[in-house]
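Here chain A shows up in two complexes: once beside chain B, once beside chain C.
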Partner chain A sequence: MDCMVTGGNVKVLAKAIHSLSRIGEELYLEPQEDGLALRTVNSSRSAYACFLFAPLFFQKYASGRNPTFRCKMAVKCVQAVFRSLSSLEKTVERCHIELNVEKSRLTFTLHCKHGLLKTHNLSFQDSESLQAVFDKDSCPNILQAQPRLLVDTVLHFPPSLEEVSVSVSGERVWFRNHVEEEAERSRAMLTELCISAEEFEQFAVSAPTRITFCLKEMRGLLMFAESSGLPVSLYFDEPGRPVVLSLTDSVLEVNFVLATLSEESHPQNHDNTNTDRRAQPPPPPDDFMNDDMDFLIAMETTELAAGGSGCSPPQAQDAGMSQLRTRAASEGEEEEEDGEEEAEDTGRPPNKKFRSLFFGSVLPTSSQATNQTLRSQDVLASDSEDEDPESS
Partner chain B sequence: MPLSTQSEAGDDQYVLVASLDNAKNLSNILKAITFKDHALFNATANGLKVTVEDSKCLQANAFIQAEIFQEFTIQEDSVSFQVNLTVLLDCLTIFGGSTVPGVTTALRMCYKGYGFPLTLFLEEGGVVTVCKINTQEPEDPIDFEFCSTNVTNKVILQSDSLREAFSELDMTSEILQITMSPSQPYFRLSTFGNAGNAHYDYPKDSDMMELFQCTKTQTNRYKMSLLKPSTKALALSCKVSVRTDSRGFLSLQYLVRNDDGQICFVEYYCCPDEEVEEE
Partner chain C sequence: MKFRAKLVDVGCLNHFTRVVNTISKLTKTCTLRLTTDNLFFMLSDKVANGGVSMWCELSQANFFDEFQLEGVSAEANEIYLEFQPENLSRALRTAQNAKSLKIKLTKKHCPCLTLAAELPSLSSVSRVVTHDIPVDVIPRRLWQDLKEPSVPEFDVSHRVQLCRLITEAEVSIYLPPLKTMKNVVDRMKNLSHHLVVEANLSGEMNLKIETDLVSVSTHFKDLGNPSWGDDSSQGPSQDRAAEVMACARVDIKKLQQFLASQQVNPSKAMC
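Coming up: the complex of A and B.
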């Protein structure tokens, strides 16, 4: 892979990386024919973000001879390359990104003013493709607004707020902070904003709905959106199905897919039925080994052949996207388990509620299936410790 | 000057008297070398030299020439004492940060000689504070034997650009490698951290490069922890000269302009971590 970013786009790239760092700890880089994809997922697999930069975003773009090359690296390391955003546009003239497969190095070269050259050789790990399977177009509810509107809205919530609830009716949207039932009524503060449909550039609501998702992750997107000035679209369905926050322009497509609280664990206003949410312990890892096909597939992507849907077992869909099922979890990714344990201790595990969801690999079409082992379908982003020699 | 009217009769008891209308002209430059508690003060007719050392591998010197002081009287050829630098700085800034423009802290620093404390008279807005700081036995500073004739490579850079590089250095790297060469990459700072390595290259024809005299390709490594304190001096300075000698010892000299536009110097000497002979 070999590409060159110039002028103001360097800052866009840097902001994208900073934005991704708000979601996950690892950056997955995949140079594709249709552009460079930078993706990440959070440790509980309840939030996924993808920035796809089209070839035109770059002054020069070559995805490389190996079409299936993918790698991942710590997002902090890449952030270090673009450290001070404010001085970037003043000092950096162009940024060259080059892959050196022999040395397993990804080189970022920043050509700056006064002839200064900054070269960062980052090591990476080979990885599986990280793809969330989602289909924006089949979502019945779509809202689109200028980023300013959403930024001003979330400004009213404290930075510590974990989750926000968004309710829509035919003409209005309510943003409200989500309060745990366990929280003392006397100390809880409810903040609610109501925005009319007129404030939105697009407002399509099929039926009154309320979804609850993680605000911190949405802020990660808004941070980028604000500087880009591009309108933000929210695609969502019923509670439990992920919400997709999206930005697009001619050279860039950004998608943040966030899990939402599912119906049975979604408390009504004054409903104290704390049903199954806490009662559901994480499924024992052993189960996963037997459930190769049991993914959380939200919806088919447009890339999938029709055969894809036939593979998703009914149980997965009933679970309503609220169960964590990934091979990574079964392998016991350290940070994930630690996070879960910690979360349980504090008794307030926002991420756990949004158990991972909608991850699965892009299921192969029937013609491709014969070329791939069953194991390679288990996707996501497996660890590099996998002994299995993957296709990459 | 209000302070000069005090104890004029007793002035002959002091071997050193140094006065400044603006104590910041001393405190600011001392802050650039405060990475250890103790400093060696050496006064001669030329002025004041303050030395701080670390683990016998790093030495920082701040030079404040006699001309900078409003009054600089010395009764002996050389007066030396060691004092707690942190305490001294606390005293020099005892009136806190002055936000009123034009109001400065005036300083009169007096020393009676061996065994006596260092006495500071500080005045601001009519309020006078007297500080007496105990002095210690002066230790001989290390002589790094860095002489100009042994210098193999020398560059002078504008501090702005080097500041940027230093602020971005990968702190997970234990060493900072400096490569100087008459050919590419001319002047390069490298780090080797957890994520990978990073290089900052300054070409010899860059407009930030005021002087470029490199005779031999040299690559030397220095402990990052030793060089980190030098960023304070870098922040204050407008120009910096980087020199290495045939042994790989590093000399960093910073040109600092004080509040009144006068020039002072700060220099750092550092031993190489290990010598890497290249080409």
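Coming up: the complex of A and C.
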């Protein structure tokens, strides 16, 4: 493999790597015929990111004599090559990436101003291809907006917020912070941002839906999107099925696939009203704008002589905000699996409610991966032998 | 019990935000008292341990275009709420360019102060951001614990009085620019745990620290002394010779915290 990135594209490559580092710890690099793919996945397998750079992105691109070369390396090592973005922009003229077969190293050479050459020889591990299975085109809901809109939206939420809920109706979208624990719910501040469909470049909603996913991972994408200026598309279906955040231009395709919380199945509720209630996000009082709604506080805390300050029934709790679980409703084309055990191993409690995404090939290194493969309902890719994780 | 207010002026919103930011830096929990004419932010504990007690009064007409209040009862037409100013600060932070801001007392999963800001958008329909801040309604029987401290009316143009160190008011003096004071106290903080504040009726003030190794003092002159409107409180100080210093020893960290929290630029600050 041998490729050369020049000019402004060096910064784009660098930003991509920084963006990937927000998701996972290992960077999977695969030179393909259609371009160089950089991918990563988080430890609980609930978030996957892929940057595909077409051959035209490079001044020179050769995927190499060995068509099945694939490797992974610690993302921090690669990040170190592209450490300071601002100085990168000013000093680096070209970046040369080359596979050194004899020494089993991937060499990154930065050609800087004044004839300065910075060479990084990174070791790697052979690995299988990392490919999440997802299909954007089958998603009934598509939103597309300029990155600025989404960046402005997430500004309203604190950096510590783990999960965000996105609800759509025919004309509006609501972003809300998601509060999981019952105990927190009573004391947590709830923030909701409502945006009209008119602000989106594309707004296709098949049915009112609400999905909840990890905001931190979306921020990783928005970081890249903002600097690229490319519109961001969100493809999603019902809760439980992953949401795909995507950016494309002629030389680059970026996809972030994030798991969403699934709704608890309610075996008793088969009638239409309940289904509707669950699927439909509670419409916010439209007339808040016109100031017609008025809420009276229940007077539990004060006992007054008058006692006449009337109590009105508390505002009905959001009917749609049902408790979310990871029960896997097994269907023929189930794409997700229960990630609960895995998450406990990795010690990331917030993600244990997210189902992990299904991956088409075996990832050899951890026993968790083996468990995952065994439990899969469908084999969407043929089994491959475990590669020897040790590089020579 | 009902409360509803609307604010449309950007300058007012900005000023209100800065007041709330100041308070959120001083304390984690705070009491908000709403009357038909005013808002009061109060903190009234920890005084015995040399902590910060705070009382802040805002005239609602200076900030809000609409303000409706129905208190707990007809004769007690007020509402007392306990809340975390950090939440309010956070809610206001992203609404700085709002076309309008509405605040309401609501009941969601618990009593809440709901802020709704209408933000500019790319389309004809504004974006609306809503924040529900959980609050506790303070029952009437506890209101007397939260009475305002007995200090005379100050003749100031801004009716925002942000902090009082509780001492006996033998001397009162206008403070030097708070930024200057903050710089001085920041440097002294590393040397000592306590600081002595001295002031006299000739408009002189000293900030002093003293340790085994070093003593440092900073002197301010020509600060001016406010005249108290109420004669009765001037009793002790009338007998006082102008140069005699009254002094108080305070925890330097608390003083520094107070000075660091100031986000509003007051026209006058008094000690």
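Everything that follows uses one rule, which is that the second predicted complex is superposed on the first by the 272 of 392 C-alpha atoms of A that agree within 3 Å, B and C clash if a C-alpha of one lies under 4 Å from a C-alpha of the other, contacts with A are read in each partner's own complex, and residues count from 1 in each chain.
As a working rule, contacts are C-beta pairs under 8 Å (C-beta built on N, C-alpha and C of every residue); 3 or more make two chains touch, one makes a residue touch a chain.
Note that the structure is predicted; figures quoted are calculated from it, not measured.
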**OP:** With the two complexes superposed on chain A, say which partner A:L155 touches: chain B (first), chain C (second), both, or neither.
**Re:** second
Original post:
Touching A:R105, do we find chain B (first), chain C (second), both, or neither?
Top reply: first
**OP:** Give one of first, second, both or neither to describe whether A:L117 is in contact with chain B, with chain C, with both, or with none.
**Re:** first
**OP:** Tell me which of chain B and chain C touches more residues of chain A.
**Re:** C
Subject >> chain B versus chain C as contact partner of A:Q202, first or second or both or neither >> reply: neither
Original post:
In the superposed arrangement, does A:A188 touch chain B (first), chain C (second), both or neither?
Top reply: second
Original post:
Touching A:S138, do we find chain B (first), chain C (second), both, or neither?
Top reply: neither
**OP:** Could you tell me if A:T68 is touching chain B, chain C, both of them or neither one (first, second, both, neither)?
**Re:** neither
Original post:
Looking at the overlay, what does A:R83 touch: chain B (first), chain C (second), both, or neither?
Top reply: first
Subject >> Set of chain A residues, in rising order, touched by both chain B and chain C >> reply: none
Original post:
If you look only at chain C, which of its residues touch chain A in the complex?
Top reply: 1-2, 4, 6, 72-74, 76, 87, 90-91, 94, 102, 104-112, 116, 118, 121-134, 136-141
Original post:
Within the complex, which stretch of chain A touches chain C?
Top reply: 149, 155-156, 158, 185-196, 198-199, 284, 288-289, 291, 294-299, 301-306, 308-309, 314-315, 317
Subject >> chain A residues within the chain B interface of the complex >> reply: 73-74, 76-77, 80, 83-84, 87, 91, 105, 114-123
Subject >> Contact footprint of chain A on chain B as seen in their complex >> reply: 161, 164-165, 167-168, 170, 185, 194-203, 205-208
